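Labels for the chains are A, B, C and D, by order of writing; each one numbers its residues from 1.
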């Protein structure tokens, strides 16, 4: 019961703020609603016993990446942007793509419904202790991807600096 | 019924904290003003209540009834919401703090990360408030603070990681337990980490000498320039709550949380008598000042404060006087733990104030340089040093003290190198030694 | 490598006015423009690429008022220019009129004038130190400085009854005879002051943040300083040894031993050191002066109605902030035909633009502070 | 645990909203934000299935995706700043030159 309330609360919050993200004219407000959506997702993670991912989502996504976004939005001139047309005329395309997507997922779910729903969820303790399990998996099984990810970050950092640097 | 029971105490405790926090923040402001006055050969607030004891309440009332001004071209939604974000983030972070072994809202598995993560969301309040005000001063202040918080979070986080290596857990309670078991506060095992955290936490709470975002002599009040009244008070509340949060983190991580000094040594058990004695001393001071108050109301008020102190002393003494095994005696760690925790938090905040009134302010580029070129490398080396020490101790079975000391020594060596490199940069030319100029 | 305490961009960089340039109005209502100065800053990010000072918010037409007052009546008005150093203003004016009339103040008056003016210099520098430190973010020195300044103001109060706008002197000598304990009070203060200055130095001089904030900031070379007409400690910090007390002695300065501190780099830090040393030298002068105050009259031979012969005179003194000059034209009547005042703050302020280019907004505050301007004097 | 289908629907909803954002918006920054939304939708799936089968692998991959998002945001925003500096615009349909 409590599970469901929590899930629907966060799900509704996530969907509502996502819609606001793509519909607000003002980019700063969009960014704020994106933060809300990300935090709602973090809440869903928490309800799924993924504590570590919850905090990663909060620190990295909401606290790190989004601050970067807000920073950049403030750097680029918004007063001008506010008076520009914010949407192109592709509503139909978007709707069609979404509809097709929805239909696909619905079909897939309908087909696999029996098997998918029959799967019993793992016991609640399966992921305990969460942080240690994630760490073990990250540093033993997925050591190589982890290192590759760090190199990716390094490359991204260098790339961002090169891109954003003032041309002298 | 049983399903609800586990939630009752945390919810009650959360309500108490949320209700008391504005009051506590107000009194921290009063203490700050008094400390400032003491250091500046003044008296500080003396008018409202005896020794200005009612000043915070008068200030709060003033702020609440002030006209609510929203600038003409401000983004109303964000201008309205930004202070709320700041306050909410700061207050949420309090949830995982253990004020003594019994008083804690939630002992999360990821406790410490939770505090760090949630309090880092407060930055949105600052940035959005500055941006929504639609003023140059505010925007500059907001951009500065965004850059500053992100920079110093890095080194603060790395300093925390150093202590976490020692603790082996993220749970705040577990960290203190670990310090209790090993008998050593982590400040002694990782002094450099504590230093880094001290500096970074001052910068993160925007306090002098790192109070760039609100540097009053340059940007008037930074991101808060356009705010007034209640919204401004919310920002202030958030700032002081953040101070409490970082002080609590430092206390939990480095200063042994709720443990009293030498908690494991029975020879120092007389330390248990210090808290009640301290409270009695404060009570005595209040009574001594009572006849000197000019107005009857003030006499009564300061006497009431004295009685309150005696009551607290009584609460602190009771578990010690009660027969062992009784409920009262078993509550001793909780009550005394809460005292020591708050005492340490207070001491940490006092250091904040002390630094604020002593030092001039950094310039923004100097601040960033200090953060990125000194603190971040040092904090990484600090983690490595602690790691080396722990590896020597755990893998090679060296005794704990020398191996940890070796780690500290490595870190200090790097710190000395960084400082000397900075020195060289500062005085590139030989013989440019500055002397008091004399006439020729 | 890790230059944590870099002293910042001293090299002036001229940026073409670009799209990212914003204009920041600093003042007239701003906590650290020392009154009602308005600086229009052209910023590239936080870097200053240009600036304009807008002055005149405190203009009271002091020079014009002089044309409608008798010589005696005008004396109190000059106190209102540099209200932090009223005694010095008064001294300059009185000596200028005396020069115009060809009279001299008696020796006793001149020595007491010297003592009070030097005390005023210390008071002015103390006030500057406190506010300058406050601008840079050190809250506490201000209160220590005001504590010492209070002692000086008490001496003034005992002497003439006023603390701020003293009107202490009279054309031809002194308004009042020195009170009995003047020597004792001054000596006590001087003995104390040396120790206090050491205290301030322990707070600031070697503080890394202070050094980082002031060294290499607002540099003005000796040549540039002379070209701009900058005077006072600002000039001396650039290495020019020019002090009117030595160059063209007035009052009783030729009788005393003191040195003129000079700096090397002409930056904010040097100006700080120069002013501190000047305070020490002032203490020295005061101690020498009180040890031997000659007896005799305090007022020279001037009549009740002053009628200087037609002519003109320029007389300048070394006020705490620089050269304070009075140019007075007399047409032989009881009122001056024209008075022109050369306020040190105004001329020093002109160097501001040159000093802050290429620095950050925070440095603008430091440089305005280090120039030690008083807007009452700038706008007159 | 809430049935897994609910999570899938939520995930699809976020994905669709993200796609709508990408297709209809002109502001590049908001397009980037929509991409973040889509990545987020993927994360929900991964974590939900991780909980369902009781293995942390899904969470580990979610962490990798967040890392990816960080890298993408850094480079993307760097490009936007560089572009804005040259063309004074952040609108996608005005980014119509191959070289500047």
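Convention: a residue touches a chain if its C-beta (ideal position, glycine included) is under 8 Å from a C-beta of that chain, and two chains touch if they have at least 3 such contacts.
Fair warning: this is a prediction, and the values are worked out from it, not measured in the lab.
Put simply, the chain closest to the centre of the protein, by Cα centroids, is B. Subunit B and subunit D have Cα centroids lying 36 Å from one another.
Centres computed as Cα averages put subunit A at a distance of 6 Å from subunit D.
Mean C-alpha position of subunit C lies 62 Å from that of subunit D. The geometric centre of subunit A is 62 Å away from that of subunit C, both derived from CA atoms.
Residue positions 52, 64, 130 of subunit A are each in touch with at least two other chains. The touch graph of the protein chains shown is a line. Touching pairs of chains, sorted by label, consist of A-B, A-D, B-C.
Remark: subunit A residues 3-4, 7, 11, 14-15, 18-19, 21-22, 27, 30-31, 34, 37-38, 41, 44-45, 48-50, 52-53, 56-57, 60-61, 64-65, 68-69, 72-73, 75-77, 80-81, 84-88, 90-91, 93-95, 97-98, 101-102, 105, 109, 113, 116-117, 119, 121-123, 126-127, 130, 133-134, 137-138, 141-142, 145, 149, 152-153, 155-157, 159-164, 166-167 touch subunit D in the complex. Looking at the complex, you find that subunit D touches subunit A at residues 1-10, 12-21, 23-27, 29-30, 32-34, 36-37, 40, 43-44, 47-48, 50-57, 59-60, 62-64, 66-75, 77-82, 84-85, 88, 90-91, 93. Subunit B meets subunit A in the complex at residues 75, 77-78, 81, 108-110, 113-114, 116-118, 120-121, 123-124, 127-128, 131-132, 139, 142-143, 146-147, 150, 153, 170. Those residues of subunit A whose C-beta lies close enough to touch subunit B in the complex are 26, 28-29, 32, 35, 51-52, 54-55, 58-59, 62-64, 66-67, 70-71, 74, 129-131.
Those residues of subunit B whose C-beta lies close enough to touch subunit C in the complex are 36, 39-42, 136-137, 140, 208-209, 211, 215-220, 356-366, 369-370, 373-374, 377, 418-419, 421-422, 424-426, 434, 436-440.
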